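What follows is a set of structures to go through.
Heads up, the next two complexes both have chain A, just with different partners, chain B and then chain C.
Our next item is the complex of A and B:
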């Protein structure tokens, strides 16, 4: 056993154990670690925002005299800051409305280009592949799994009768997919836990 | 040296293995790129070729510059970083292993330019126009006063019960909007549900806590909660400080929300928005304090965790339908109706395309496989 002599390893080990102590119950160690984590991450986010967004994209162009280049973002930023002045607070809604509208508009084209069309294309499969039974079965599952799943998300009809049967098959497909995703993600989480335990046992305590 | 090279070139005279050398403006782009394509003669012995060099002449009368060195595997190259509107000419130099080379004829000048339309994305435009038309039809119907109904969504029906239960227990409500920004559709849907929850909280005089990950989302959430209290007729109960910024670090946010859950012990927790790896941490903590939890997200990787750890989960589009269902707003209902019709169209399209693909696979007639080409999207 070779205990680490680095102060930073000891601090990291303390915070790791303090966070893990939450598994038992809320306690002063967890609260301390939580406060430090939330506070330092908020400060880090602020600096990140300043050095990677506000300074290079707004402040520097203004300092170089290119104010026209950033006039619209500048106005929107000022409008957002009016939230601190109760009398003209309502002006901040314009900046929010602009961001929401832009996000929704970009989201629609992004969804069509990135998800909808590629997924539709991925479903255009033959239901009979000569000489390849495994691909044939796979294609049946993909095509009808997609159709039944879409049926579940049809909101104009209640889930009853024949339509209900199709929608219920759809939810089975959804749950099978979620089950697979659950297992896959749990594996990733376990590897994260192993990484943390390895840090405690190897880097800190020097036991393994 | 040069004499020797000329001698070697003349000695090793042979036909160029490169045929169909074509230079065109790269289609469907924002300009600045030229596409160069070529083939190899069927009788060419490529084992004699060492490598290829693509050369470009920027100005007539000037020397050619080497753009890139290629192997005989290459059949095309896209030259980028060019100036729009300026003519460029190219030729390909084939280097043989014996040190000799052959040049293809110099191409005619080609000018790179930006295109207004990406012709391979017409199908996206058609979908948008179709959806827009359906939306207009249903909006018109809604304005005429026709009743547009959608089926009840289980998780949403539980909203009122959850708020009522929380009130009876004398505990606050916790609404978590996730890690999305205001541009995320899941966050927008979460805000619509937040308004309804805020209205109910105002009616029942229950406190609502909304810790936010994003400052702009926080501003929007403050407005939403305020509007909810206003519409419930209790603006006096609205406390702006109950909607606050926590941190923009994923696990810092999770730790903060966990702390709020453990100390405030909310009676009902709403997890509505875009979630990532923190979803299970928050949902498990919520479960440990006995809160009724209603989740909703379109993050496919997190849905399994929310389904496992919460009482009700709005899956993907159910969340988007939520605002229409809750508000009963004819405009929102028209949107859902138009989407439903689009789903019917997509199912019919899939069935037709699958029939064509099956016929193509059985008969071996590739010309029947038209739909995948139609939906080629790059």
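Our next item is the complex of A and C:
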């Protein structure tokens, strides 16, 4: 055993153990660590936003004297802050409207380019592959699995009869997908857990 | 005026971005690029509204001395300490993530990362408890979820096929236990026969299934991920895309106006 002599490693170990202590029950150590996490995460997100987005795109052009280039986003950003002044609060709607409009526009283009077209393209598969039964079966499963899954989410018609059978097959595919996602989520969390335990045993206590 | 101008701004911003997708030539590609840059800046300022809400909520708790107010104070203090530390370090070194930035080398590595990683790590215990509730294989759907999750987890780790043997043994024992338990409440002889049949099939099939999976766990996992899982994900993604497009169109056309309130 070789205990770490770094104060920062001890701080990290304290926070790690404080959060793990919640597994026993809620306690002041956990709540302290949780509060530090909430406060510092908010500040960290703000700093990230400033140093990665706002500074290079707004502050740096202003500092270089190119204020005209960013005058419109600057005005919109200031309008966003009018929410703090009740009398002219309604002006913040202009800035919010711009972000909502952009979000909607990017939502459409993102959905078309990122999801709809690639997924539809991937589903157009040959249902008969000569000399390759396995691929043929897999293609059938892929094409009809996709159709049946969509059927399950079609709520404009009562789910019964032949339509109901298709929706029931769809739910089988959905359960397999959820099971796989669940398995991956558990694995991701367990790998984090292993990382923290390794930090305690190796970096802090020097046992392994 | 108070409603019409925001609706017009939403329409123009959304419409031009969609047009730029179909006509990626000047002036539309240039407009899209400029709008994207503006969007990042303006959206960044919305974060200030969120911060204001966090600070005010906690400040109110401190002012009223309500239960747990020292933790509200901790939230505010840690927020400002982190903020000041980041600004000072960022100004001194040029960026918060410079290699010689104390913010990166101490706050990020020894406070933020341990807090975040441990917070997510403890979820593995709660997921295990949730899994116990979700995976009680009472229905076909729950059984499928259980089987897929188990195979995917074991198929993606070293020596997963070795761990499969006790897992399947326990699963079969649990199934037998459930069947025996249910048998107590079954009165019809046909139903009893079905239950006994399932138990016999489970015991008889367990060995060949275990043997097959022991030798083919990785290909089976790949097949699950590439075929049935992929089919469902495609269906979900297509549905998600259609829903997202519909909502976005409603916003651009001014039918959906809840963001104005």
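Everything that follows uses one rule, which is that the second predicted complex is superposed on the first by the 208 of 208 C-alpha atoms of A that agree within 3 Å, B and C clash if a C-alpha of one lies under 4 Å from a C-alpha of the other, contacts with A are read in each partner's own complex, and residues count from 1 in each chain.
The rule is simple: a contact is a pair of C-beta atoms (placed from the backbone, for glycine too) under 8 Å apart; a residue touches a chain by one contact, two chains touch by 3 or more.
Note that this is a predicted model, so its numbers are computed, not measured.
Judged by the touch definition given at the top, the superposed model places A:5 against neither chain B nor chain C. In the superposition on chain A, contact is made by A:20 with chain C only, not with chain B.
Of the two partner chains placed around the shared chain by superposition, chain B and chain C are both touched by A:116. A simple residue count on chain A separates chain B from chain C, and the partner touching more is C. Shared-chain residue A:174: touches chain B and chain C both.
Applying the stated contact rule after C-alpha superposition, one finds that A:73 touches chain C and leaves chain B untouched.
In the superposition on chain A, A:153 contacts both chain B and chain C. Of the two partner chains placed by the overlay, only chain B lies in contact with A:129; chain C stays clear of it.
Common to the chain B-facing and chain C-facing surfaces of chain A are residues 19, 22, 31, 33-34, 37-42, 44-45, 49, 80, 83, 93, 96, 99-100, 102-104, 106-109, 111-113, 116, 120, 123, 143, 146-147, 150, 153, 174-175, 178-179, 182, 185, 189. Listing the residues of chain C that touch chain A in their complex gives 2, 5-7, 9-18, 20-21, 35-52, 54, 68, 71-72, 74-83, 86-87, 90, 95-97, 103, 106-125, 127-128, 131, 140-141, 144-153, 156-157, 223-242, 244-245, 247-249, 251-252, 259-260.
Of all residues in chain A, those touching chain C in their complex are 8-9, 11-13, 15-16, 19-20, 22-23, 31-51, 53-54, 57-58, 70, 72-74, 76-77, 80-81, 83-84, 90, 93-116, 119-120, 122-123, 138, 141-150, 152-153, 170-180, 182-187, 189-190, 192-193, 195-196, 199.
For chain B in complex with chain A, the residues that touch the partner chain are 121, 123-124, 127-128, 149-153, 181-185, 188, 216, 219-220, 223, 245-249, 251-253, 255-256, 258-259, 262-263, 277, 300-301, 303-305, 307-308, 315-318, 321, 336-337, 339-340, 343-344, 346-347, 349-351, 353-354, 356-358, 360-362, 371-372, 375-377. Residues 19, 22, 26, 30-31, 33-34, 37-42, 44-45, 49, 80, 83, 92-93, 96, 99-100, 102-104, 106-109, 111-113, 116-118, 120-121, 123-130, 143, 146-147, 150-151, 153-159, 174-175, 178-179, 181-182, 185, 189 of chain A touch chain B in their complex.
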